[in-house]
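In structure tokens below, several structures.
You will see subunit A twice below: alongside subunit B first, and alongside subunit C after that.
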Partner chain A sequence: MKLDNIYQEEKKSNFAKVSEIIITMASRPSGFIGLSILVFHVILAFISPYIAPYDFKAINPTLMLQAPSAEYWFGTDDLGRDVFTRTILGGRTALTITFFGSLIALLWGGLLGIFCGLVGGKTDDIVMRIVDAFLSIPWILAMLLIVSLLGTSTEVLIPALGFFYGKGIVRVARAATHDVIAKDFIVSARARGHSNFSIIWNEIIPNVRDAILVEGAMRWSWMLLGFSSLSFLGFGVSPPTPDWGLMISNARGLMSFAYWSVIAPIVGLSSLIIGINLTADAFAKALGIDRSTKAPV
Partner chain B sequence: MSDIIQKVKNLSIGFKSKKGEEILILKNISTNIKKGETVGIVGESGSGKSTLALAMMGYVKHGLYTIGGECEFNSSNLLNMKSKDLEKIRGRKIAMIPQNAGQALTPNLKIGYQIDEALQLHSDLNEKEREKKISELLNKVRLPSPETIALRYPHELSGGQQQRVAVAMALAGTPDLLLLDEPTTGLDVTTQAHVLELLNFIAKDTGTSMVYVSHDLGAIAQVSDRIIVMYSGEIVLEGPSRDILKRPIHPYTHGLLKSIPKLSLAGLPESMPGSQPQPGIIQGGCSFFDRCNFSEEKCKNKSPHLEFLKELNTSVRCFNYEKLLKESQINQNVNKIKNNSKDKEILNLSDVSISYAKQKLLDQIFNRISDDNPTVKDININIKKGETIALVGESGSGKSTILKSIAGLLRTKDGLIRFEESRNLSSELKERDPNDLRIIQLIFQNPDESLNPNHTVEEIIAQPLKLYFGLKGEELKKNIIDLLQKVRLGEFYISRYPRQLSGGEKQRVAVARAFAAKPDIILCDEVTSALDVSVQAAVLNLLQQLKEDFGTTYIFVSHDLAVVRAISDRVAVLYQGRLCEVGPSNDVYKFPSHPYTEVLLGAVLEPDPDIKPKLVAEDIVEEKPPEKGCSFQGRCSRIVGDICKKEIPPWQLTDSGNAIRCHIPIKELQKEQI
Partner chain C sequence: MLFLIIKRILLGLITLFIVSLITFVGTEILPGDACTTYLERQAFGEQLEACYRRLGLNVPAYERYVSWAVNAIQGDFGYSLSGEMPIKEVLGPRIKNSLVLASAAIFIGIPIALILGIVTALWRDKLPDVAISTVTIFAMTIPEFISATLLILIIAIWLEWLPGIVIVPTDVSFLELLPNIILPVIAIAMIMTAHMARMVRSSVIQVMASEYVQMAILKGVPYWKMVFKHVLPNALLPAINVVALTIAWLLGGVVVTEVVFNYPGLGRLVIESISNRDLPTVQALAIILASIYVSINLLADLMTLMLNPRLKTLQIRK
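Now for the complex of A and B:
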């Protein structure tokens, strides 16, 4: 019950709204943990080049597979590179690529979903069947094909990931639009003769924005996992650039005697994914969209 | 006393606001329910009536908590009982009938199974006895052929039948107390009357006490022995039903009864100013102070106590009840509406039919609609400039469908919609030019849904102004403030969101938005049915005022015949998408000549214990209009013979200009009325 809503409140600035949402998110333990992890990773991504103790690509055969010590906190890998340096730098590419990838996914998935939900009829049928067809293709196969044809540059990875992770958002945005579309204020706007663009922009987006943002945040964590899988398979970041997926892949054969070289990137990757997940959940709860009662499509 | 079965003592229920303040929903309520008595609890939404009813079965809604007081049932306090003990009482001793039976019944279980479940829980009967009991219960609530009903699923029953099943389920545990939360609110007029009659019968037959919660004084008047009037979480008046309805001695009840439109009185009743305060706002003083015509200085600071008047057997919470005591009867003043209609025709519907049928592929390809028996058929109405024409009928009569087609939202199958004698309006929204769209504006039933929750009042009213007139900046703002003033809202509303407004204020914003387009015709779709009774009259008065100022034409759709009587110049009665009767409202209401009009008017509930509804026809619900003959043949009590089933009845004109579609000659139709 939202009894507090009945009380008069003044119109708030966007900044006040955002900060209120963040405070509500942080007031829940899970939200606080999630936000802290996420903020930690983002800050680390910004400052890591300046605080890294060693050069990430400096190979030193004399220091191969050293156990963690005061000098090399997380030990060294099979080429004698410092694991700590590589771990704190290893999230940068993944975070950047998947962040922009998620934005693209949100934009095209959200807009297409809203459009399909609004116009309905045959257009909706055809577009949704195409989306379904794409959903049935294992994304990793398609990604591998794209990457091997076009290379692994950022300009290829961002749109490709954005495309594959946007498909699911189409469905969510379309369902959220269907909830709104039956309301009389849309009927009223139609009867007044507003254009489809105006109805989408003024009437629908403010009402479905929250649901789509939450979905986008969830997709971000999935995309991160997906991107790391690509790196793991050797199709993401190319060496010697440090990347968690790549590091795990390189060190996995040495796990039995040099556990440190694989544990650090694993902790880095999973903590970031958990952080994003918890944040997205807290975000949904702060907005009043409870994911526990609604199954994601 | 042993004949008291439920005793509410100093009950206060509330919640904690975000700021940590304790806000009361119920303030110190004390009342008793006697054995075999039916008590009506009336109040507007937010008055705490449902909270009180739920507390009577030991339930406090999530987010609320008991601050003090007790609800005693058989001398044990329900509010601090363990849930295990409560289980034994709920259903067996106290049963509840919910507002929306359609949602309260499990959709995938058969009716018989669901009643059986209730019996297993609340009685000790074995399987055979239970089977017998199910038929008995269904018989008791007067459902036709109980054996077949028991095998049906809830969606196969009509709303009225579902409500009857809910009654049967509540009776399964042979409870001592029955709580009814707005049990007839979602039902059609005729069904409502039948269900109330059934409840009356059950109360007498079983001797069960009933607590009947409703906002509708008309329904309360039909069932209750005693009435409790609630306002802002307090009991303001409590006493015998007849006294309260005939001689209310609290200003709120007095004003309320004055503001309810009646069938016998044409014209708009006086409206009550303002609306009920939000909980927590009133700190000291009388909660009704702002809206009261009798208020004095002391009411502002001092809150009156509930005073028991022995000679009247009534409790009242007012300092000045004596003033009202002197008034022997309610004098309802009505503002007679002026008939502004000019001779000029503004909208003409000729042979309009509308179909909802799913179209075959071939028809889809050729973009045509083929349906032999469309939902709405043969609508011919000629609407004059400046008049208010009302479309009335039960749900499914096609009244809203016709509105949608006029607005261009729904394609017509056949027929023409003509504006101002010369211009044909296309039936496709896309083919209408902006001016065609501007001249027709809509006001919807529920302002919660018709206003975008993420827009401020300014943005809402700005939309038509920007779209049709391209206004910007200062001029736009000036126009918005002008419009707000026209609907009696202050300038400061401009930055509010819909959720910060009360129901009446929201509807005013919706009215302002409609008038912003400077339309010639406004389509009002049940505009008052989502509003509280005390606010309804104010909105109707506002609509009438605006109409007189702007010369707008209203097409008014409503199921509430008393409201229609108050505001309309002409009435069109619809049944199953076919017109039955069209005529000046005075005539339609004075001599209900078409058998269906007679049924509808007979079923209207008035807040007067002396006026009982007349139950002329059965409350069957027809799914589809009949293929041949008169649309009302299925329920008509005056069927002449085969002709009704085979031939569409002809239009007959009375002397006063009333057109009736019936096979019975006019003279005979009118004769039987007298």
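Now for the complex of A and C:
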């Protein structure tokens, strides 16, 4: 009977595994809330260009700073643009850039970490010193410098964010590799004469994948925070692109008499970040990984 | 023990050395240099040569690195791009202001974080835990510029209790600064406290589940005596490192908070010098911020080493 169970476990398709994880995540209240918010934002990002009631860049001086009304649900901003339109469009750029940025971070951080954990010795020492050095430079300083010198195009932002948020993943992947490296199956793979590449691909990655994915999910929410901070400071996407960070920074000066134009993007951005965060947390718990004792690095 | 301490200090110094190399090489390989930015369209021929000579950019890169590093160790970072003020003098009051902000946030944040963390851990999954944990999740996930903007909107604009924006000269005395820093301190302390409280919570929960605590319970040690004598000393030790990392991590967040409140600290200098493409100042800032990060971590490492009861007994046995 027991053997039978194990056999069935093996036979599960990837789809079944993923849906099982999602069901486990949604069975906690916090995970359910997080997933719903995230799904809502992703769907909104896809359909918002089709449902937006106005043109996001249509400037209309006669409609400056209108309070919310039946016609303009969230009011208008200082250039007479519809705040509702800009708010529902405001997550698209941020979501796209940070999603691909996180993928890059996952890839290079994960692979370098596994490599360092596997080879150890001098190479490991040197790489980890360099990673430590990069960690000790505040990310915002480095990002601002790169963006101010190379421009704020997507081709600059995605790799730059991917690089700076990947260095923390190096440490996590390395630590996870250290945990499995001494296990018998690795020793026996070595004894069978497998190459380093084969050991990484067949033995290590399946065992450290969960830890790295969880870290990547967490980093996604931090990257979103970082990207929005850049936009807020005027170093992210350029106007008139609708972007929450940019909208908040523009509307901030006028919020004493037009608070609606700052509240709407605040709700949008906060809910998305909280959604990703709760989802990442639930994902970690569903996979049985405890990351509550870790500091944000 | 002494060997361990020396090793940690050496590792920190090596990290700083690599940081200095990275910032130097980084500003070197990125397009444009101090002279082309300074002269803008007139950056060619005679004038460019003269500028290179004036700023000493006409010698090979490695020579410039060595002389820059030697001076930097002595606290001399050269002149800022505008060329009028030594960077050292620009930095002085800024560091002081940021230090005031950070230490106020730390002194308020740490006790609150300890209390919240311990309360949530001891009443795990009960009402106090659920309520406080929900608030901390909000406080630590919402970006600094959002919480700061909301604080200004609610407390400064709607309630009119405190000034929303700091409008003081850079070298202002402490007492004049005080009413201005309350909101920025709250904004920074909120995120920091939330992070630390969650770490203290999980650390306490871990210790509560350990065998020696179970043993103490079975022996009939009174609950609060057990908490204060057995649980807290062991739970707070690993928290030191994490607290240090959180503080160091906040260096980035402080930049944004200082900009929102127009606070004349290091963070706003980062934005100003990058907007002006003032690379010498950016280099100096990178080194200083990295040194702060490395020394906070070093301090935390050393504290853990000193306070670790296992290492103490190791010495006695020797």
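Throughout what follows, the second predicted complex is superposed on the first by the 281 of 297 C-alpha atoms of A that agree within 3 Å, B and C clash if a C-alpha of one lies under 4 Å from a C-alpha of the other, contacts with A are read in each partner's own complex, and residues count from 1 in each chain.
As a working rule, a residue touches a chain if its C-beta (ideal position, glycine included) is under 8 Å from a C-beta of that chain, and two chains touch if they have at least 3 such contacts.
The model shown is predicted, which means the values in this text are computed figures rather than measured ones.
Look at A:F185: by the touch rule set out above, it reaches subunit B but stays clear of subunit C. Of the two partner chains, subunit C is the only one that A:S221 touches; subunit B does not reach it.
In the superposition on chain A, A:L150 makes contact with subunit C only, not with subunit B.
Put simply, more of the residues of subunit A are touched by C, taking subunit B and subunit C as the two choices.
With both structures placed on the common chain, the touch criterion links A:W139 to subunit C but leaves subunit B unconnected. When both complexes are overlaid on chain A, the residue A:G193 reaches subunit B alone and has no touch with subunit C.
In the superposed pair of complexes, A:R252 makes contact with subunit C only, with no contact to subunit B.
Shared-chain residue A:R129: touches subunit C; no touch with subunit B. With both structures placed on the common chain, the touch criterion links A:N202 to subunit B but leaves subunit C unconnected.
No residue of subunit A is contacted both by subunit B in one complex and by subunit C in the other. Residue ranges of subunit A in contact with subunit B, taken from their complex: 1, 3-11, 183-185, 187-194, 198, 202-203, 206-207. For subunit A in complex with subunit C, the residues that touch the partner chain are 129-130, 132-142, 144-146, 148-150, 221, 225, 228-229, 232-233, 245, 248-249, 252, 255-256, 259, 262, 266, 269-270, 273-274, 277-278, 290, 292-297.
Subunit C makes touch with subunit A in their complex at residues 11, 14-16, 18-19, 22-23, 26-27, 30-32, 137-138, 141-146, 149-150, 152-153, 157, 195, 198-199, 201-203, 206, 238, 241-242, 245-246, 248-249, 251-252, 255-256, 259-260, 270-271, 274-275, 277, 282, 285-286, 289-290, 293-294, 297.
Chain contact summary for the complex, subunit B toward subunit A: residues 15, 17-18, 23, 61-64, 278-280, 407-409, 429, 432, 434, 437-438, 440-442, 444-446, 449-456, 459, 463-464, 467-468, 495-497, 499-500, 513, 517.
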